[in-house]
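Residue numbering begins at 1 within each chain, and the chains themselves are lettered A, B, C and D in the order written.
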């Protein structure tokens, strides 16, 4: 009765229940925050986040221990009828990154978003903590879901959590930025869903693992790939679909910007990876990979050049995100090109993921640092940063370390990432991406140094801070930046976690 | 007998559809809101009533017939309320743009 | 058979015509009315495609509730319409947009025409496994058993959307009531309707929920009906929209999701998996989830239409 | 209705997606963009419906899986519309205008 090829029967794996907990915990947090009311929202978040960190650590450990993808069959129904949660190395690593960054952001924002002393609930703190949990749950769903439609719902969740974070401060321009963000997000998800429909129409399943074995080069698959990719790129803000990002990310409060820039865009990027490397590796042509990376290269140049011209620190950092997103897409021709040559895709994929994580930690630190600078000076005009270095030494050190990671100097995570991409480009003879990588790093170093030089400039009179920033907030920022700086050392680990559950040694054609 | 019922259905439904058509033409061609409302509600209530009457002999069970009549009554109610509200809005604030 | 073809053909032409008109007409109010018409026509198309559940949902939410939402918005935005209209892009960008939209349509048409024959389908698998849930409506089975996580997440989507809408509250009004104050006109037609219809609507909603296990219907359609009745009573001035800080309101909003989660987790010890139902108890549990969700959905949909708070408690 | 006839609805859906996309790009008013987005969405759902109809088997009028997905999708689209509308209205109330583009699209606004 069923013409589908039979797969290995999939079953819930040993640590599978961890995936359910990781998926459900943040949503339970949202519901609890909503019912308990704004006064307790922060407590709920501060309780759930460490728990979530432990959970994601457990998932990583379990994945490393078993060396396989963790699977949980929801309701006991196996795909294609049911839905499976899956965590391979990619998912596990992203879960962990998300938990770490969100916990850092929560520590950073702890004082900023306190419930009012007078009793009752206030809008800003209630919304911030609820949305933080909401964002976390959406991201976890993106990382864990093994079904294209569940992923569509997750994408929408991501948008509904991200848009209100942008307009937490109710200024007209943030409302406008939020509206533009929402429209882009909606177009993106509708195109994504359109692609998913076509795949279901052609293959009768939405399960990623099954689709991977079924997809053939034919109109439906090509149309689906194109529509879904474009939709996801709009959400990831890859050039030329990036215009919504800078005002949205720069307009949000610092802690929210950190989450949006570090994590939210990675959610849709993660889906692009899933799509290209896991769902349809067989039909993605090298030319498409080159096109994607060309957009990435354009993003690197445009983002960096426009960042250089910014007068405000938060906008500079936001444009730098546009550029750094560009780097993420350089992995595609390298990975796809390699698989066409029937060689391992490992280094390029690892490099791409490392870039994602390194940018996430560095960018979160930089946005939060910018927030501290803003509250110290009462503004974030780059021209008037003089003296900040004296006032906020740890923050400026964090900014420098984050900058080093963005530029890609050793031993930062950014260096390792770019090194792996560089190596992959050289082994596949695609020297032009080497040029892009090197020039991009050079441009990045310009604006990082401009900010540092301004901030470190000597002043005769020490400036009087508007608000004295407590040291522990600086410490959080520094810790995160330090993490991005030391991330390059993961190369010393004996095991490449990202490759768990990835049949990288078997190019698509041989499966 | 069944021929007679068929004939009844055809005649009633055709008449009903005619009233719908007339009402729609009125809606599109009449000059102002009030006359349009008049054309629409008059013709549609009657039209739907005729269609329901025409379909009544065809239903499988009395319950289904009851549902059909309920549909008609609900539409009558909703139509009357909506048109009354629109008419009042027009009287209060002049014709809409 | 030819009659059917004629009907389908006219319906499709009508749908496309209304869609084009909705896009092209200059007056936004007219466009919204066009969209409401479009939603109803689309519901007919769903019936023709043998998807009565989807038809009910489209008529209730796509045609009904969305239109109410848009009409309220268009009235409030009227003063800015002419200014916004002036920004219409130039001929070149319009041409580019047309080329883009045209090529997407062409590609989709090509894919639709080349879809595989026979079509891949999960209907046999659903048919083989539906017995374990003792449900008669396969769509409800998919929504609440096989793909329960999607439905659970969808409930979360509604909560997120409401939270997002509430973010737009002006700070001093936080905790206040959404929407304007509607004056009750004791002798008005609307008050009459709002007294007459809701009892009937509630009965129909419970009926739609109850039969949803075996026939087309379910919590979304029923919840939308309830939401419509609630909105009617609010707009007639019979009841006030509740202040959003009310504890009971918050509790009712999450009730459906909490029940869903609780039954889902109960499945771990009782049926061996999260979101699994114990043998033989699936149907009552599913109806319990649906009943709780119906209330939460009704409240959420109603509050989504009303928007962020606009006045004090 | 046979599979061939459901194809007509598929072509209709393809056209709806195109019409909606065009409106989405060309119409400057946010509210009309939201309307266009709904049009695209309904076109996508209709393709789901055609896919479901083609999968009719064993006495079921259509494949229930895509039919269920459509219901989820319609509710999600409504939530999105509600949020977008609330944003537009709020923007209008704060600025007196409801346009999407600042004076220069490339240059983000500065506070």
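One rule holds for everything that comes next: contacts are C-beta pairs under 8 Å (C-beta built on N, C-alpha and C of every residue); 3 or more make two chains touch, one makes a residue touch a chain.
What you see is a predicted model; the values in this text were computed from it and never measured.
Chemist: By number of C-beta pairs in contact, which chain pair leads?
Modeler: Top-ranked chain pair by contacting C-beta pairs: C-D.
Chemist: Could you work out how far the Cα centre of subunit A sits from that of subunit D, in whole Å?
Modeler: The mean C-alpha positions of subunit A and subunit D differ by 26 Å.
Chemist: Starting from the mean Cα coordinates of subunit B and subunit D, work out the distance between those two points in Å.
Modeler: 31
Chemist: If you average the CA atoms of subunit A and of subunit B, how many Å lie between those two points?
Modeler: Chain centroid spacing, subunit A to subunit B, equals 56 Å.
Chemist: Considering subunit C alone, which of its residues make contact with at least two other chains?
Modeler: 104, 108, 112, 115, 119-122, 124, 126, 146-147, 150, 154, 157, 160-161, 164, 168 - these are the residues of subunit C that touch more than one other chain.
Chemist: Mind pulling the subunit B residues that touch 2 or more other chains?
Modeler: none
Chemist: Listing for subunit A: what residues touch at least two other chains?
Modeler: If we look for residues of subunit A contacting two or more partner chains, we find 81, 149, 153, 156, 160, 163, 167, 170, 175, 194, 198, 201, 204.
Chemist: Pick one for the touching-chains graph, please: line, ring, star, complete, other.
Modeler: Drawn as a graph, the chains match no named shape, so other.
Chemist: Under the touch definition given earlier, write down the residues of subunit A that touch subunit C in their complex.
Modeler: 1-4, 12, 17, 20, 24, 27-28, 30-31, 34-35, 37, 72-77, 80-83, 120-124, 126-127, 130-131, 134, 137, 141, 145, 147, 149-150, 153-154, 156-157, 160-161, 163-164, 167-168, 170, 175, 194, 198, 201-205, 218-220, 223, 226-227
Chemist: What residues of subunit D sit close enough to touch subunit C in their complex?
Modeler: By the definition above, subunit D touches subunit C via 1, 3, 5-23, 25-32, 34-36, 38-39, 42, 45-47, 49-65, 67-72, 74-83, 85-90, 92-93, 96-99, 101.
Chemist: Within the complex, which stretch of subunit C touches subunit D?
Modeler: 4-5, 8-9, 12, 15-16, 19-20, 22-23, 28, 31-32, 35, 38-39, 42, 45-46, 48-51, 53-54, 57-58, 61-62, 65-66, 69-70, 73-74, 76-77, 79-81, 83-89, 93-94, 97-98, 100-102, 104-106, 108-109, 112-113, 115, 117, 119-124, 126-127, 138-139, 141-143, 146-147, 150-151, 154, 157-158, 160-161, 164-165, 168, 218, 220, 301, 304-305, 307-308
Chemist: Which residues, counting only subunit A, touch subunit D once they are in their complex?
Modeler: For subunit A paired with subunit D, touching residues are 81, 149, 152-153, 156, 159-160, 163, 167, 170-173, 175-180, 182-183, 186-187, 190, 193-194, 197-198, 200-201, 204, 243, 246-247, 250-251, 311-312, 315.
Chemist: So in the complex, the part of subunit D that touches subunit A is made up of which residues?
Modeler: Interface residues on the subunit D side: 17, 24, 30, 33-34, 37, 40-41, 44, 47-48, 50-51, 54-55, 65-66, 69, 72-73, 76, 79-80, 83-84, 87-88, 90-91, 94-95, 100, 102, 105-106, 108-111.
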